[in-house]
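Per-chain residue numbering starts at 1, and chain names A, B and C are given in the order in which the chains are listed.
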Amino acid sequence: MNAMPGEALLAINDLRIQFGGLVAVNDFSMELREGRIAGIIGPNGAGKTTVFNAVTGVYKPTAGEIRFQTDLISGKAPYEITRKGIARTFQNIRLFKGLNVLSNVMAAAGFRAQYGFLGGLLGMPGVWRQERGIEAEARLCLNLVDLQDYQYLMPENLPYGLQRKLEIARALATKPRLILLDEPAAGLNPNEVNELMDLIRKIHHELGVTVLLIEHHMEMVMGICEELWVLNFGKMIAHGTPAEIQCNEEVLKAYLGD
Amino acid sequence: MIQQFVNGLSLGAVYALIAVGFALVFSILKFSNFSHGSVIMLSAYFGLWLSSTFKVGLLPTLLASMVVGGLIAVIIERLGFRPIRKKNGPLIYFFVSSIAISMFFQYLMTALMGGQFFMYSDFMKTSSINVGDLTIPVLNIYMLAISTVTLIVLLYLLYKTKIGIAIRAASSDLLTPNLMGINTDFIVSVTFFVSGALAGIAGVFLGLSLSVYPQLGSLVLKAFIATVIGGLGSLGGAVVGAFLLGLAETFSTAYLGGDVTPMITFTIMILFLLLKPEGIAGLLGLGKNAGTTQKA
Amino acid sequence: MSAFYSSMLTFAGINLIAVLGVYLLIGLTGLFSFGQVGFMAIGAYISSIACLQWGLPFWAGILISVAFALIVGLFIGAITLKLRTDYFALATYGFAEVVKTALIYFSDITGGSMGIFGIPTLVNLPVVAVIAVICIMICANFKKLKFGRNSLAVRNDPLAAEIMGINTFAHKMKVFLLSAALGALSGALLAFSTSYIEPEMFNWSKSVELIIIVFFGGLNSLSGAVFATLFLSLLPELLRFGSEWRMVLFTFIIIVTIIFKPTGLFGYYEIPLNPVTIAKKIRSYVKKIRVDRSAKRGERDAR
């Protein structure tokens, strides 16, 4: 069941995440409509990645709820949430060492394979056909980010910028409707940042994926996001278009100090 | 009943020595060091050789075994763990290396000395004394007393000396001692020496009470269980866990028979693992749960 | 083939089946378990008892023992798979010890520490060889398909694996059960080949031996595991080592391997069994030789 373009794809209501005495996210609410490119920004430690972790099931909310369309996803296991259509990249690159580039992407596409455990072990006929199907899907994702020439290399041997692209390709292999990008531009040089912005636009336009990103790179944020939420100390302090946010006094105070 | 209680305490005291040595290495390097058992076993053989060749009494044997045990542990660290640490190997390699080392020494001693059980000569095993209804072997009194003294000395070392503080600092971050002007490698060696010294004392006592044989080192598993019960990473918890384990085993063997005791021990351990993984230290809020988010 | 070599190879083959289980669990998936000997014991004893005391045919006994191992594995796995690495190791060790202790304790059924005698010798080298090859093929399929990728992903970064849609708990359980089945099968074959089983055959030393073989051969390499099993099972017999020194050698080899080549002898390398791949490799190797030769000729001509 698809949301109508413009309907809320991701709804976060009064999310509160507390670790012992530390409140990392404090009554945060947001509604992300399908088909948008949006961003969550804020100074370091504001709780942005914590929100991502809550959405993807890594943390269970202390209070509040998260819905993907109408499905309640807060408190579910991460793999269940991913299979519903939410993909994610990590702030620190978490590629699978020990698997080559192609296998990294295939690993993310695996859950859609139909063959079961016994059938696979015994090498039943349909299984290999499905495997080639997974391989083809994975190659498509690699083509999208222009990594097809590196498919048999080990991820540790790729330069940093390509590793970041591989993370995105891998996330795309789960065929998401919503992709969460956690600081995708961190450590990239200006050329790579432009490439990344083009890539995000491509994902958005060609695949129809809704994009929500966390970023500190202001040019990129202002350049591609249509909507922004600003967090500081776990609380939302502003919400609006990039133009509105740029003039917002609270936001300036948060970033620059008083 | 009280008889068993006292026996259990003595057994627990020796387990405590092993458990604390084990926990010390765990707290700074974050892995379960099974080679600790080898140090215990080798010290037992050494103590036997020393006391029977030179006819020395209990205390000199203990002191010598402390030193030898400490040295063996340091050598093991140098050859078996340091290369892995220098290469930033994952924790699992330390674990496997420690198991391989423990098995190596066990098989080596079996091949060299045969699998038979060696007994300390009679003059080392003095008789029992009678206190009211109880018959307490003098050995048990020695074990309890000397272990307690050793633990107190260790406490002093850890809290009142610079080196001890550095060791405790290293358990939150291995690099911290560098801030105190102490080299990381040196701290690791010192920690292993201390844990080896404790193992040395334990080895002599275990050799005396159980006789000396190559598989003696497998008793380090008791230490592992004790630290699980006590809370992995917490030294105080290891001591408490060890005493509880000693008591539990003694009572179980006395009333239920030796065959069933391992099952009882493991069931207790499994229950703790499942229900209270932070152990007793976690229950009481003591000590540091240095290990709960790490993988060994 | 002489009886001596025949029985040696049979033993190596039986070992191999158990090692395959350990390889999948510890090598590919990173689940450090000491429990394989527990499942071997279950396989050996249940199949023997089924045959001797319940009069069931040989194949039925094996199937029943594997089924029993799977049920036990389901139970044990449910308890232990959520534990962190060293707790998991300890818990699986506990499981193996409890199995051994139970075998000694319930001596009416199991013969206690004396074990069970007189099991019919129905397993010989051809039987073991065929079964071993089938098991290798099953493991090769495992590794090539998504299960192998899932295993390596879970081993490498369990959180990232979950986020990529892998149900890590379910996967770990599948591997655990498969490994248990292989262990039980190995134990059952052992019982029907040596005709005598006792609890001490499934002790800590055996556990360590299996783990050492996997680490030696290469955590990631199936061919490495196969090679290491054959090598380490046959070598001491061929060299007529006394059994005590064999283990001294084993453990020394593993210590040296961990320190100098932690990924094991084979590392990530796999012997290609696919005829297409073999042909490709031969072709590229021949091409390389031709290129080298013509390069050398070119140098000579230029001078």
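Assume a contact is a pair of C-beta atoms (placed from the backbone, for glycine too) under 8 Å apart; a residue touches a chain by one contact, two chains touch by 3 or more.
On a predicted model such as this, the values are computed, not experimentally measured, just so you know.
*Asks:* For subunit A and subunit B, what is the smallest step count along a path of chains that touch one another?
*Replies:* 2
*Asks:* Return the chain label for which the distance between chain Cα mean and whole-protein Cα mean is smallest.
*Replies:* That would be chain C.
*Asks:* Can you check how far apart subunit A and subunit B are, centre to centre, with Cα atoms defining each centre and the answer in Å?
*Replies:* 48
*Asks:* Starting from the mean Cα coordinates of subunit A and subunit C, work out the distance between those two points in Å.
*Replies:* 39
*Asks:* I'd like to verify one number: the distance from the centre of subunit B to the centre of subunit C, where each centre is the average of its C-alpha atoms, in whole angstrom.
*Replies:* For subunit B versus subunit C, the centre distance works out to 32 Å.
*Asks:* Which of the residues in subunit C end up touching subunit B in this complex?
*Replies:* 30, 32, 79, 83-87, 89-91, 93-94, 97-98, 101-102, 104-105, 204-205, 208, 211-212, 215, 242, 244-245, 247-248, 250-252, 254-255, 258-260, 262
*Asks:* Okay, in this complex, where on subunit B does subunit C touch?
*Replies:* Within the complex, subunit B contacts subunit C at residues 31-32, 80, 83-84, 87, 89, 91-93, 95-97, 99-101, 103-104, 107-108, 110-111, 218, 221, 224-225, 228, 232, 259-260, 262-263, 266, 269-270, 273-274, 277, 294-296.
*Asks:* Within the complex, which stretch of subunit C touches subunit A?
*Replies:* 137-138, 141-142, 144-147, 149-150, 152-153, 155-157, 159-168, 174, 178, 220, 268
*Asks:* In the complex formed with subunit C, which residues of subunit A make contact?
*Replies:* 56-58, 77-79, 82-83, 88, 90, 94-99, 103, 106-108, 110-111, 113, 115, 117, 120-123, 127, 131, 134, 170-171, 173-174
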